[in-house]
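One chain, subunit A, appears in both complexes that follow, with subunit B as partner in the first and subunit C in the second.
This part shows the complex of A and B:
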């Protein structure tokens, strides 16, 4: 176990290094940031000076080395637009994103588990088929479009919930959050529903498939023969084992939610890191894009590491080489 | 496909007859969702090929647009006209005509990118699986790293680096889509190269390239059919997301996703049809593709039977 953990840790560092190379290469191709810094009528001399300040007059290797040593020390440079450290911008907006991602995840699990278990335990029933058809629709629709439909119906026509923005926030554990007040929570509902639908649909299909497999196992037959009640069989013997593979998709789920948060936040004008990324892409704000990329990469790598270690701990059948 | 007995007088069934008599076709006919899925997909193919001749206007020919007809609601609502079934947008463009032209762009992107990703991924997978060693390690590590990022995000970054454009969307989609083929093909190639027919081909002195193309390749293709089908749908959705964010196709070649984006700006004024209908068509298209993909998976993947 210890050896495995060390091996995964080394892998993690390698992946992050590879991402840093990719980010650097990509950023070197995306135009010249000098022109973000100098006025339009700048003289050649001013341009040359700006390039010197940005370090663009040196070789790519030297530039990469400086880039790498800066990010290792947590220095991602300043945003061209906000004139603030890019990392600060991300950290300021992170709670807003985590809030909708977390709520969307909870909603997806609360709906997907019971429906998935039902459809997996009774695969032939019409209701199960309806659940599966529904999940296929959920996979097929563009999430951002669903958000627009919700805005139009719930916010514009019925005027039940606000259509955009974050509403009032309060300080909680050192973060600004909005779920603590009713008005803030009302702002959360539509973005979270929009974000959760895709994940919900995929989750439901995975749980159903797992349940179908598990219900075929001998221990389920044995539990039936023993005379265990349907509820005990379904939840204690069935669901418990069907949920183990779910741990492995947790990382993927989180990744998808963070990715689709860029679209959801754009539609609902939700001030999270996804909207910051999209705005920064429009404005060519390179330091912010870089810090977003590295930050998200770090988050995925750490989550996948924790997931792998947990998986090995939960399921003793998995032999670690 | 055994040769007919020389003395048999029964007519040799044609390829088509054999297909109609096959178990595959039998299962297909009895599977309602498979039939529905293929009808939807066929409908779309019909729409994007014949559709432009059937709709009343070319929405991108400025001369045909009438600003007086801007923001007309769908035909069945008050103020709608029978000329524009699904209403018009701010430039007097027929929403239905825009959808027909937009579906064409969305579908072409989905199909071409799938073809490119399949070609690239299969090639790399064959190389990795057949030759193994360091090449295999490099290709598969790249695949692993890429898989730890969601495709939408990767595509978004690539587009932010490349800038907008149809060709760039294709490159971005191929760059995120090859991995799944490479992994599948590598797995099956590893299994196939252990088998006797490949060993026999090796012993008989066939060059590696010929072994790969003639013997290994045909035997690793079947699982790809399912992956490829579903990927067209995934690509249509990713492209829509990119275009919605404004980093996808250019405004002169609007896909369904860009139509949604254009309609989003007027949604708050209650002009819902400009954006809701294109989204409905994306959903229908991807739903049809997924129905078909699900059926193919059940049929072609004997492990699940």
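This part shows the complex of A and C:
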């Protein structure tokens, strides 16, 4: 386990370095952010001064070297726009994204597991077929469209839930969060539903496919021969054997949602990191984009690490090395 | 042997059991009109070639026939209750507690994700009110009884840490721990090394004899059955072709199919010199059970078959030689003469 963790840490550093290079190169060829910051009628001297302040007057190599050495010292650069450390910006916005993503994932699991187990254990029943057909719809629905429909129907027509923004927040473990108050929680619901539908449908199909295979196994029949109840057969003997692929995909989707809840956050004017990314791209706020993408890479490495640990926890035949 | 108990009422009485499978390829009469009795403490061998419907009799008794299979008719009376008419929930209370089953392949019968301790205790957790501590103590005792060394430690191990033979011992422990009154062993040694087969058969026999459990040993291995069973039922294409006391069937088979099975057992011959006699075999294959020939299903492979065999079903009839309460019955138009 210890050796494995070390290996993963080294791997993480390598991944982060590679991402930093890629992102930096990409950024360097996507326009000059100086023109986004100076007034339209700025003089050449003013522009040159701005470049100097932003550190853009030097060669790319020097810029990259300075960027890298700053990172190693814990300085991830400052936003051109906000004049604040880019990392601080991301960390400030992160709780908002985590909130809707975790609520979405919990909702997805709560629905996907029972439906997937049922459909997998009774693949021929009409209800199972209906569930599978429904999941296809869920996969096919574009998230932004679903979000707009939800806003139109639930928020505008029915006026049950707020359509945008984060609502009141309170301090919880040093983060600003919404879910602690009822009004804040109401703001969470629509974005979370929008995020969860596609994930739910995919997770459910994976559980179902695995359960169909698992239910054919001898140990299921043996459990039945022991007189096990349907609950024990399905959830103790069945579901646990179907979990490995579920955990794999769950990890990937979790990372994906945290990193790229962009569309949903934009539609619901949700002040999370996804919206920060979009805004930063518009403003050419290079340091924020770079740190954001590195943060995403880091997160995927961590999620994969957790997934690997989960494998070993689920299946005693898997040893992490 | 349990001759003293054979006068008492049977523990299990199967009557005209028909288990059919409605497949796309046609109707498969896997079990077609099978009847037999099993006395308390009796060991019955259920013998036949692969595909003969042996396992389906076991699964029918357990109530574990899945669609497209169905019990179409007949009765399975266990201790006076007709299992066929019980609800799934009532049946669940009987499975594992009253009737236990051992599967063919110990490599796949155990759930890979749980310790064997967990899987042994599960049977008790499902059927008894014992505390976790008591269940554990019983599991240790049971593992000890089936010959697994250091049961206290082994309890915490996972199936993949056991060899095939050891796993089958665990499966036997799971089946026997709730002290069932009937044990159905479905080809329990087929998947194991030959060297271990005899060990495990002996172990199973010892376990059921000690606890007075009845056993149905489903196998294609007539040699194993001859050493274990009190009675033998020979099955061919879903029907009983011969049944009776084990010694009588082994010594004086009346059905050509039984005779063929016995003759295909390799014998240890005393004389080592000279060429060994060729192992005899039954010509041909088991016919497609969806398209059985009219008359006796064995007729196409039978060298004694005559016209009547190809047109008329033989009836399972008691043979006059039968004296005991387990008469020797055979379904054949031309039963073999008693002298071998």
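In this text, the second predicted complex is superposed on the first by the 279 of 321 C-alpha atoms of A that agree within 3 Å, B and C clash if a C-alpha of one lies under 4 Å from a C-alpha of the other, contacts with A are read in each partner's own complex, and residues count from 1 in each chain.
We take it that a contact is a pair of C-beta atoms (placed from the backbone, for glycine too) under 8 Å apart; a residue touches a chain by one contact, two chains touch by 3 or more.
This is a predicted model, so every value here is computed, not measured.
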item	value
Side-by-side fit of subunit B and subunit C on subunit A, or clash	fit
First, second, both or neither for A:228, with subunit B first and subunit C second	second
First (subunit B), second (subunit C), both or neither touched by A:217	second
A:315 touches, of subunit B and subunit C: first, second, both or neither?	second
Partner chain in contact with A:154 - subunit B first, subunit C second, else both or neither	neither
Degrees between the directions from subunit A toward subunit B and toward subunit C, using C-alpha centres, nearest 10	80
Touching partner for A:111 - first (subunit B), second (subunit C), both, neither	neither
More subunit A residues in contact [subunit B versus subunit C]	B
Touching partner for A:299 - first (subunit B), second (subunit C), both, neither	neither
Touching partner for A:237 - first (subunit B), second (subunit C), both, neither	second
First (subunit B), second (subunit C), both or neither touched by A:42	neither
Minimum C-alpha separation between subunit B and subunit C after superposing on chain A, in Å	15
Touching residues on subunit A, where the partner in the complex is subunit C	124, 217-219, 221-229, 232, 236-237, 240-241, 314-317
Residues of subunit C touching subunit A in the complex	62, 64, 67, 92-97, 100-101, 103, 105, 108-114, 122-123, 126-127, 158, 160, 171, 174
Residue ranges of subunit A touching subunit B (in the complex, touch as defined)	15, 18-19, 26-27, 29-30, 133, 136-137, 139-142, 144-145, 148-149, 151-152, 156, 163, 251-252, 255-256, 258-260, 262-263, 266-267, 277-278, 281-282, 289, 293, 296-297, 300-301, 304
Subunit B - residues contacting subunit A, complex	33, 141, 144-145, 148-153, 156-158, 160-161, 233, 237, 240-241, 244-247, 257, 260, 264, 267-268, 270, 272, 275-276, 279, 282-283, 286-287, 289-291, 294
